[in-house]
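Below is a structure I'd like to ask you about.
In this document, chain identifiers A, B, C and D correspond to the written order of the chains, with residue numbering beginning at 1 in each.
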Amino acid sequence: MRIEELRERVCAMYPDLCPLFSIEFGDGAISVPLERVHSAAADLKEMGFDRLGMVTAVDRGEEFEIVYRLQSRDLRAGMFLKALVPRSDPRVPSMCDLWPAANWQEREVYDLFGIVFEGHPDLRRILLPDDWEGHPLRKDYVDERIIPRPDYI
Amino acid sequence: MVTEELTLNIGPSHPSTHGVCRLLVRLDGEIVTHVEPIIGHLHRGIEKMAENRTYLQVVPLTDRLDYVGSMYANWAYCRAVERLAGIRVPERAEYIRVIVCELQRIASHMMGIGSSAADTGATSAFLYAFAQRDLVIDLFEELCGARLTYNYVRPGGVSFDLPDGWVERCRAFTAQHPKAMLEIDGFFFGNAIARARLKGVGVLDPDAAVAWGVSGPSARGSGVDWDLRRDDPYSVYPRFDFDVPIGSNGDAFDRARVRLWECIESCRIIDQALDQLEPGPIMADGLPRLLAPRPGDAYDHIESARGSLGVYLVSDGSPRPYRMKVRSPAFCNLAVLPLIAVGHTLSDLLVILGSLDPVFGEVDR
Amino acid sequence: MSSLLLGILWGVAGVLVIAGGAVIGVWWERKVAGHIQLRYGPQQIGPAGSLQMLADVPKLLFKEDIVPSGADRPLFKWAPLMAFAPVAAAMAVIPFAAGWAPFDTSVGVLFFLAVPSLEVVAILVAAWAQRNSYAAIGGLRAASQMIAYEVPRTLAVAPLVLLAGSLRPTEVVAAWRWWWLPLLAIAFVVYLIASIAEMNRGPFDLPEAESELVAGYFADYSGMRWAIFMMAEYGAVITASLFAAATFLGAGWPFSGALGVVALVVKTSVLVTIVMWTKWTLPRVRQDQLLRFCWVVLVPATLVQLAIVGVVLPWM
Amino acid sequence: MDVKRDRPVVPASVSDGPTGDGLVAGARSIAKGFAYTARAGVSKPLTVRYPKEKLTVSPRWRGPLALRGVLGRDEIPLLRAPSYAYNETIDGLYRADRLPPCVGSCPANVDARGQAYLIADDRVVEAYELVRDRNILPGVLGRICHHPCESACKRNFFDEPIAIRPLHRFAFEEYRKVRHERISPFPRTQGKSVCIVGSGPSGLAAAYDLLKLGYRVVMYERERKPGGALNTGVPAYRLPREVLYEEIDDIVGLGLELNTGVEVGKDVTLPSLMREHDAVLLAVGLQQSRILPIPGTDAEGVVGALEFLWSANFKHEAGVRGKRVLVIGGGNVAVDVARCALRVGASEVRLACLESESEMPCHPWEIAEALDEGVIAMCSLGPEEVLTKHDTVVGMRMRSCLSVFDEMGRFAPKFGDETTDVPTDVVVFAIGQAPKIDTIVAGTELLVSGRGQLVVDGTLFTTSVPGVFACGEIVTGPGSAIGSIATGHEAAVSIHRYLQGLPLDGDRVARPVPVYQKHAPADTRGIESNRRRAVMPMADPEERAKDFRQVELGLTRQEATAEAMRCLRCESEVCVGCTFCARTCPDYAIKVERVDEAGARCLTRYDLDLTKCCFCGLCAEQCPTKALHHTGQYELSFWHRDLMVFDKGEMLRPPTGTRATGRDGISPPGCPVPRREDG
């Protein structure tokens, strides 16, 4: 499905969020408020996005941006679903009830970013040891073992 | 009679965990009642490391994600960078990428089939598959000087042009490979014991496969007809004529045999690509050595030997990626292991793990 | 007194034959496996790598003898010898030529069937002594497998005894006629399969399945103690093949005297090679499939064989 | 073998195996397995017998790193060869993959690398003479060249190219101070004489080569001053005439007999010259402006570009003062005309061309400078009709142009329906030039094509008459000055061979034309200013558009030296301390300790830490000079036992010093860091 078509269908579903649908580098992305992210995901799944390709987060300073990559075989399309999470209280509803695929991916985000997924059945660290301190993919993570970049690089 | 469950830690250092995975298993006799993969033993923080490196410097890191299929991670990463920086890749480079990646698929599937065989104790079938893998690796060595971590696909093209005579040697390989595959098919997949070991073991429901995000041959073994090369075509794949083999039972046998038939199809693609290959540049024109794409984020995925391998890149306009995320198919495929392994015997557990063909460099990143 | 001395002498000779056979067997197996797998196998030391084991044995001898901290030390240390002893004992009753065996007893065949089965005790002891989950699983698998395969193995030898009319191995050899070969084909094949299962070799190597249990019941053994287990395994291969060559295949037939011994050795080598060939050809079966194969295929097959022999017997 | 025919077909579902289940089928499958392994057992193994069958390693195999050469201390080879052997040298380097891209992409293969090396080494006069060997007018070309060398410069990859052209000019300015001491006539060793008609760049190049080979060379020029198109066509704000005359004076000082104000075909005839001399070279160039065959071109106010430039250059008056000027054409000549028109007082100058802005054939920097000065560019417009009133130009009707080139890249303009009328007083056609040789060839048997062009062999530069050669734009058509010079060199080689009685082609190596890719501007953010290209100072656009003074003001000595030191000395296998290897290493395995001072590019030490190296090969690929390379050692030793011992000189350095530092641990010449006495 062409990206403009996708945009129309999403806009028909969420007229108020239509301005938040952006097309960049040939990929559609919709940014929704955090409290609507779960219902939006459920609606998109209803629309035909049967696969949750990826869950990840980006450290945007004051906020984390949580990024879901949805993939659809029937629509032959993929799109992003994004939401901003306040850094002070990083809580996101878990998608495990919609896609079990979210299980490990959300554990990974929890492990590396410290974002808490509410409703996750088994939220533990997955890549790092259980006693690890801090969340390494946060930009303010410090570790004396990280070698600073040489100045001429 | 009162029985007690036996807790067994398989791994992280065990011949059949295909890397450094630890399986926490509870056994009732030989029957697995609970299994939990504990991963992260090979976690090197490549996504964190990438934030400290320039776009070109990340390429060698991607080699080390899926070390059985380095070309894929190279390519997926380069596609994301090219999308982000708006680089147009010359046609010859695209063809070379397709050729090396299909060769890589063969090499990787030989590992997958071979480990399926080795898990069932058929060591000879394992080595017959590895003999084929070695032929591919020889081609790669000639191409880029490395046998495992190639660092061959670069943003904008590929690092070397094909050496003299390579095309002929590649054709010689694809000419003999389908025959060798059919022999392995008859020798291993036709063997009564192997069939008894693999059939009906670790059945993955197609709906569950989609819901759990399983992709690649592992999902196609369950009958999920989904191949990015055909369904979300990228590069020059639309120009090739090939079939996507599908299983119907979703057991370990189907998953392994899908891999075998994919190798034969890969040979078809390689032959067509070699026919269509034309001289030309192999690197995009005017590519600065220090890439600094404009701010934004881009995602691109390719069909790797393990499934859809995606790379998500966020740029802040500086010469270094602000965030790199690898959507690794092996990670998602492995998550489904507890679902399909419980209720089988200990012997089957490792066959099921092998049939998902995880590579822990990619699972742990 | 002299009989005791003779017994000790025979014992030492038997151990040496088994040890030497194991050394050659390991080299031969590596060559067979290598060529089957499109490799060369050992080829660095000696012609075609034939002296490889001479290098390996000192290495094993000088390796550290590790006893796991949680292990039952006496049992752990004695288990390898317990595994080796029955194999060596079984050598005693094998009829090397018509009318001659080291220990010619009237219940020789029974002895040969019963004594190697004692190995299961040693394996259980070893598995128990290590306090290792893998070893425990391997030991239990071995116990169920070896006891189950006793039945077809014994039933496969029974037609021989029926035809010969004696349990004395030398008499079996003396009574052997060439037409027994086609007549006892089923029994021979069943005997071979059951023996492979008895000696825990592929495709029935579940107790030591390396891809599942690392090394099974001897997972924690190292150095020479591990080597003794290996020696017991190769000894079992050799004794079982020797017995089959002597009884099913007619020992020295069609020659006699020294040539007969050569013929026996050749037959044994062929059988050993077939055992190895099997291992490197077939995948490993699962525990339930193994037992089902035993009861559903092998035991009925031997019963059919017994019936055939029963029909033939009155004609003799 | 036809693979596709016997390729197996994918089954609809892979679930059904090659054989069915069941006891008999199972037994058969197991028997088949035994047969298969037996067959494999007796076949020849695939593995290689160690050590009898040694393995070979791919030439692209990436081994450990070694650094050759010591920061600027090793002499880099200067490209010096007699003119008749120069092509061979270049070709050999090209085949060996050792040809610097700047040299390769220059039509005359000027050794720009050697120039930068000598300037950095404070041997500026030597640098000038090195350049003059191929580019006979460095001072002139240093001002007007379109510098293909800079477009190919490897530094484009990293930041900005070396300012090769300004360095030519700088070298000339330095040389100028001592030129009287450096000039003495070449000894005349050959008894033969050559006559050259035309004193343009190609003629001068041929004259220089022939003089150097010992011939007598006589040159005829129609104008009163020598220089050909450089003299008549190039505007003075780009090329001050005294520079041109000085450089030609030097060639006269080398032995050239120059006769100016003599028009061949009028004052002397070509047949008489052919009788007097052993060979004649026609380097007359293109003398006629092309004018489109459209209505109204005979009206007053329509002029050709050459005529316009001639009067603007020599009279500083072209009759356009206070008038509106429309220049037709998008090439460099059109831009020159437009800029000259501004300088001779036109009130408004427009430039109309067929091509779109990105396709304009002129060099981008030229049009940028013109736009700065106030020229108005009108793109994608084709001339249709000159509007006249009483035989005087009042305007021009232009038709919109949709595309200029067809799919094959040929010139085939497609026009739209829209037309615009541009009011103007003067229309200058700068759409190309044509040769005008009818008077020159009169009385000879030289063949002239129907379109008035001389028939010339494009590689040997021979005409239809033996002993008469031709070179320059008359052969190549409108082109660049450095391109003309290249043809001059080639023609001189032909004449030399002709006079020596050698076959003209034979074993002669044709001039290789390596194709190097052009580069987009690199990202220069974060690159220290002392590593950036020297900025050429320019006169103020408002001021400079008023007269014919030079626009580019030249580099100072300090700037030029620093610029020359930026040169990467490509393919010289000498480390220049660019640190690109360390910058690209993903594992920080290459450690560089640098003295970081203004203008310094001096490095003290390179440490190649193989324990960190991941053998990705990026550093060696990045190395512009190929000084850093992979050795065939280390892992090779696993099967070549005799190489087990590392050659420490080739590989890691002891922690106290490295070969990259040099024996005494000091930095390269010209580096403004105080030298230590001993390291």
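FYI, a residue touches a chain if its C-beta (ideal position, glycine included) is under 8 Å from a C-beta of that chain, and two chains touch if they have at least 3 such contacts.
Being a predicted model, the structure only gives us computed values, none of them experimental.
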Central chain of the complex, centres being mean CA coordinates
B
Report which interface contains more C-beta contacts, comparing B-D against C-D.
B-D
What is the distance, in whole Å, between the centres of chain B and chain D, each centre taken as the mean of its C-alpha atoms?
46
Approximately how many whole Å separate the CA-defined centres of chain C and chain D?
82
When centres are defined as mean Cα positions, the distance from chain A to chain D in whole Å is 51
Distance between chain centroids, defined by C-alpha means - chain A, chain C (Å):
61
Tell me, which residues of chain A touch at least two other chains?
149
Indicate the residues of chain D shared as contacts by at least two other chains.
30, 33, 36-37, 40, 46, 583
Chain C: which residues touch two or more other chains?
36-39, 280-282
Touch list for chain D against partner chain C, complex
23, 30, 33-34, 36-38, 40-43, 45-47, 49-50
Residue ranges of chain B touching chain C (in the complex, touch as defined)
6-8, 14-16, 27, 30, 117-125, 127-128, 131, 188, 191, 193-194, 196-197, 345-348, 350
Help me check something: in the complex, which residues belonging to chain C touch chain D?
32, 34-40, 43-44, 277-278, 280-282, 297
Chain A-touching residues of chain B, taken from the complex the two chains share:
39-40, 43, 45, 47-48, 52, 83-84, 208, 210-213, 226, 231-232, 296-299, 301, 308, 310, 312, 314, 322-323, 325, 327, 331-332, 334-335, 364-365
Show which residues of chain D lie in contact with chain B when the two form their complex.
1, 3-4, 7-8, 10-15, 17-19, 21, 25-27, 29-30, 32-33, 36-37, 40, 46, 57-62, 156-158, 517-523, 525-526, 580, 583-587, 614-618, 621-622
